[in-house]
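Have a look at these structures, which come just after this line.
First subunit A sits with subunit B, and in the next complex the same chain sits with subunit C.
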Partner chain A sequence: MKNSRVLFSVPYLIFMAVFVVFPLGLLFYYAFFVQGFSLERFGNYFSSADEMATLFRSIGFAFTAALFCILIGYPAALILARSRSKFVPFILLLLTAPMWVNGLLRTIALGELFASRGAFMVIIGLTMDYLPFMLMPIYLVLKNIDKAYLEASTDLGANKWTTFYKVVLPLSMSGIISGFLMVFTPAVSTYYLSAYLGDNTTFMLGEELNLMFTKNHDYSGGAVIAIVLLSFVLISFFITNWLSKLGNKRGGII
Partner chain B sequence: MKKYLLWLPVVILLFFLYLPIISIVIKSFGNIESFGELFTSKKYIGAIANTFVIAIVSSLFATIIATMAVVGITKMGRRNKTATMIVNQLPIVNADIVVSFSLVLLFITLGIYNAGYLKLFFCHTLIALPFVLLTILPRMRQLDENLYDAALDLGATPFGAFWRVIIPQLMPAIVNGFLLGFTLSLDDFVITQYNNDGIHTISTVIYSAIAKKDIPNVFYALTTIIFGIILVGLCVYNFMFLRKRGKQK
Partner chain C sequence: MKIIEVKNVSKFYNGEGAVSNTSFTIDEGEFVTILGPSGSGKTTILRMLAGFEMASSGTILIDGKDMTKIPPNKRPVNTVFQKYALFPHLDVFENIAFGLKLKRIKVNDGERLLSVGEIKSKVQEALSLVGLKNYGDRDIDNLSGGQQQRVAIARAIVNEPKVLLLDEPLSALDLKMRQEMRIELRRLHKELGITFIFVTHDQEEAMTMSDRIIVMKDGIIQQIGTPKQIYDEPSNAFVADFIGDSNIIKGKFIKDFQVEFLGKKFECVDKGFKRNEIVDVVLRPESIEVVKKDAQIEAKVLYSIFEGSYYNITVEIKKQKLVIETIRRYEDGAKIGLWIEPDEIHLMRSNDIEDKEENKEVENGEE
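Right after this comes the complex of A and B.
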């Protein structure tokens, strides 16, 4: 009778097995096992110059957008973390509120404001979409830095800039890294944003997967790209886990 | 003066984030009759209704499954718990398009083609479920471990203990989880686009309108209304709730 508790999670476990684990297994099946086991599709993928150009272009766009997010988000996060204003919680809510507006409509509205299309617009769009994901982790880390470290640094003769560079920045590194991953991972797989704000030189992985599915009906080819995208997710997942373990060891600062 | 200049990065950031939304609001007021159309036009009211019905049904379903799940998960052994939490994390971190594509493969494999709403109910439950679980789980951890066992010892059935003891304790987290699931479902585009079988939601109607380069003004009006409600809600929450809490301190 006392073990009846675990039984309550059975519907959840069945649901997750059917809709998460099994479909991910199917991706691998379609990529490797249709008509017998073969690595051919991956060989072809990684030796094709076109495919590699799309892969590195996607990485480049997502990386640049994440960098922009740091450049815009960090100063704002620092100001908000330092401020004693009672409006700070309200401003934080304001910063996340745009995410409640339909993402598709926001992208279209941004596109209508600017006449140009291309790589720059894609990066602006990605930056706008994912900025709150960068801001929040950095804000939380900065907020948790013990004030005593800053006082110690000043007492030891460091000026404001040295304190920032040698104390605050290293201590906030974990926030920057997790913010980076939270921006990079969804940005690298975007598809309607680059299709709408980009031109014929901004073809990205997400668009490619979409084409494979809607136009070519090439499920195995789609599965290969899906696995490439999945590997980005898994890498960032492990980095995040590693960071939080590191954080627990050091008492939660980093 | 210098004090206000310091806030410049925050102001720029807010301006940047709100630029498209301001443009949407201006557009909706430029076409004031679209607010009326929102409630009269049969063409779009179906998609709007679909969006809300799917969001309510799926997040309700997700909330029920997640609430039951946390009761068991907190009792699991360490390894099973870790494995469960990793699987729970997968759809959260995974790209929308990869999740959509894998669901397409699932439905092909199972031979489910024109299932109408049913497919979307399942897909949207999947969108909400991991987040709802993560919202309720911390609250369950805070509960006294012996509460459930005490209820059983006093003669309650497992279901009775769950319904009369656990659920009331978890209620605030359950409501939060439901609301989170509801918004996530409302906002989804990619997963719906791939698995809709001809059932349209706000997002898919907007998407098909992009190709025609003519976004129905109705959706700008709807966005203005929803965002207006959210902004007013945030203001009320901030200035009444937070102030009250400040006083209690």
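Right after this comes the complex of A and C.
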């Protein structure tokens, strides 16, 4: 029995080894170990003004897009969560409709539609792409807030607005946090959005990676960026975990 | 002084009546229980007093002012919710301070908010009143059910409401805690001196705590009275059955102070029914005595159930079953003699409930 269970895990272990562990090993090799162990490449990376500009630009775009997603997604989620209409599931389905279309196609169409390129277009594209990832967790959290909390708040003298910022907003914070990370994490490394909607001022990490690996064949330089990105994802993951534990303790859900 | 006046209030949900043309008044400082089974409209009445629901018709006066259309945050009442509804993102102190932080008090040149010091001392006072002195910085989910209950009460009374509304607040607690909280609520009522309106489906809670009880069924008030009045003189079979165990059997009114049931004539204290009118006879299980001699009627024991401090025995008389409370046990099949004091026999018009049903239909039809 025990042996057969181990046996079942073999395909997965092989998959992990070939497609996760081995490539990761390669990344680390190129970043640290070409011609002996060295941190020089990371030193160079973090001391290069151009590289830092690209890094912070990527973070800035992703952050701004996540903020837009909150500004658009939160009110929409609030309306949907409060609505008693039987069309709510249908509307939620419609909100995910853009995802049914191929992402590249969607991006090209957006570019054609506005017939302009630049930072603003990249952020619009990011917002459009990742809005459902913000809306859904917020909607679920809001939907699960017990109505009795709202009644208790008005019973204790709060009007609608006070109830919103003293009760509803804090209780839905966990949804905002998980939505934020679900938008920010993929947005920071986006490739085709900046490639198709951006101009020469919107160079992002994703594009840089593409350049390094497919054009310049600078595997070591690319590996450094990949590891920086990976660190971001891991840090985001730990922050989500930590905040969601905090959120659970406070009665929220992620 | 009347603190609550409910006048001809009805509440309809999608055309269905949850509360029908209800009127009652509550005096300042009273402990009133609204008692009824689920769906009786008792919670709807409480929610209309709190302002969570608006009456479809009729008026609600609180402290002499028309509050029918006033939202909850502008009413001089506070609520203890069924599942407490304590804010999970705030600790005990912040939960209790929630209302105080929003409160505006009148001063010479207008209004002002309470100072931090004032809030602190009021919260501390409320905490010690409910016996949770050092619990201020506790998280809500680190409290037991009983402690959460106390915090919920503190959160409500700290605002010094004119009326405290309690929506089945004990139903989530275990039996022992429930009994403790009953005593606790009575004590708080006495100390605070404000009006308590308590909603429950538990007749024992209602009997032990209330000054007066409003018994409801199907959105209609069946009876209003002190626990003793309601127990001793239930106005109809529903009330008699709902308040404690009862034997309700059909009888025939012979003349004033005499009634016939179970094939025998009994002395009673009721009068004013029509001659030969069919009446409901209410006999409480504890008011039927088992006697060795001078029995008015003989019964056969069917079975006995041990209830801890007494036995509930079911007997048969002329194919009619009666439940009797006794201290000693009787063998199944034994013949025993019964005696009922005249003042333990309560007579009611047997068509009381049907009458009420008809009234309700007429009222609904008009709407």
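Here are a few things to note about the model shown:
Going forward, the second predicted complex is superposed on the first by the 238 of 254 C-alpha atoms of A that agree within 3 Å, B and C clash if a C-alpha of one lies under 4 Å from a C-alpha of the other, contacts with A are read in each partner's own complex, and residues count from 1 in each chain.
Methods note: contacts are C-beta pairs under 8 Å (C-beta built on N, C-alpha and C of every residue); 3 or more make two chains touch, one makes a residue touch a chain.
None of the values given here were measured: they were computed from a predicted structure.
Contact with subunit C, but none with subunit B, is seen for A:Ala158 once the two complexes are overlaid on the shared chain.
Once the two complexes are laid over each other on the shared chain, residue contacts for A:Leu105 go to subunit B alone; subunit C is not touched. Within the superposed three-chain arrangement, the count of touched residues of subunit A is higher for B, of the candidates subunit B and subunit C. Once chain A of one complex is fitted onto chain A of the other, the partner contacts of A:Asp146 are limited to subunit C, with no touch recorded for subunit B. Once the two complexes are laid over each other on the shared chain, residue contacts for A:Ile59 go to neither subunit B nor subunit C. When the shared chain is aligned, subunit C comes close enough to touch A:Val167, but subunit B does not.
By the document's definition of touching, of the two partners only subunit B reaches A:Met16; subunit C does not.
Using the contact criterion defined above for the overlaid structures, shared-chain residue A:Ile239 touches neither subunit B nor subunit C, since it reaches no partner. Interface residues of subunit C facing subunit A in the complex, by the touch rule stated above, are 50-52, 71-73, 77-79, 81-83, 85-89, 98-99, 102-103, 139-141, 155-156, 159. Per the touch definition, subunit A reaches subunit C in the complex via residues 146, 148-149, 151-159, 162, 166-167, 170-171, 173, 249-252. On the subunit A side of its complex with subunit B, the touching residues are 1-13, 15-16, 18-24, 26-27, 30, 72-73, 75-76, 79-80, 86, 89-91, 93-95, 97-110, 112-113, 128, 131-132, 135, 185-186, 188-189, 191-192, 196, 206, 209-210, 213, 219, 222-223, 226, 229-230, 233, 236-237. Residues of subunit B that touch subunit A in their complex: 6-7, 9-10, 12-14, 16-21, 23-24, 27, 65-66, 68-76, 84, 87-91, 93-99, 101-106, 108-109, 122, 125-126, 129, 133, 148-149, 152, 158, 162, 183, 187, 189-190, 194, 202-203, 206-207, 210, 215, 219-220, 223, 226-227, 230-231, 234-235, 237-238, 242, 246.
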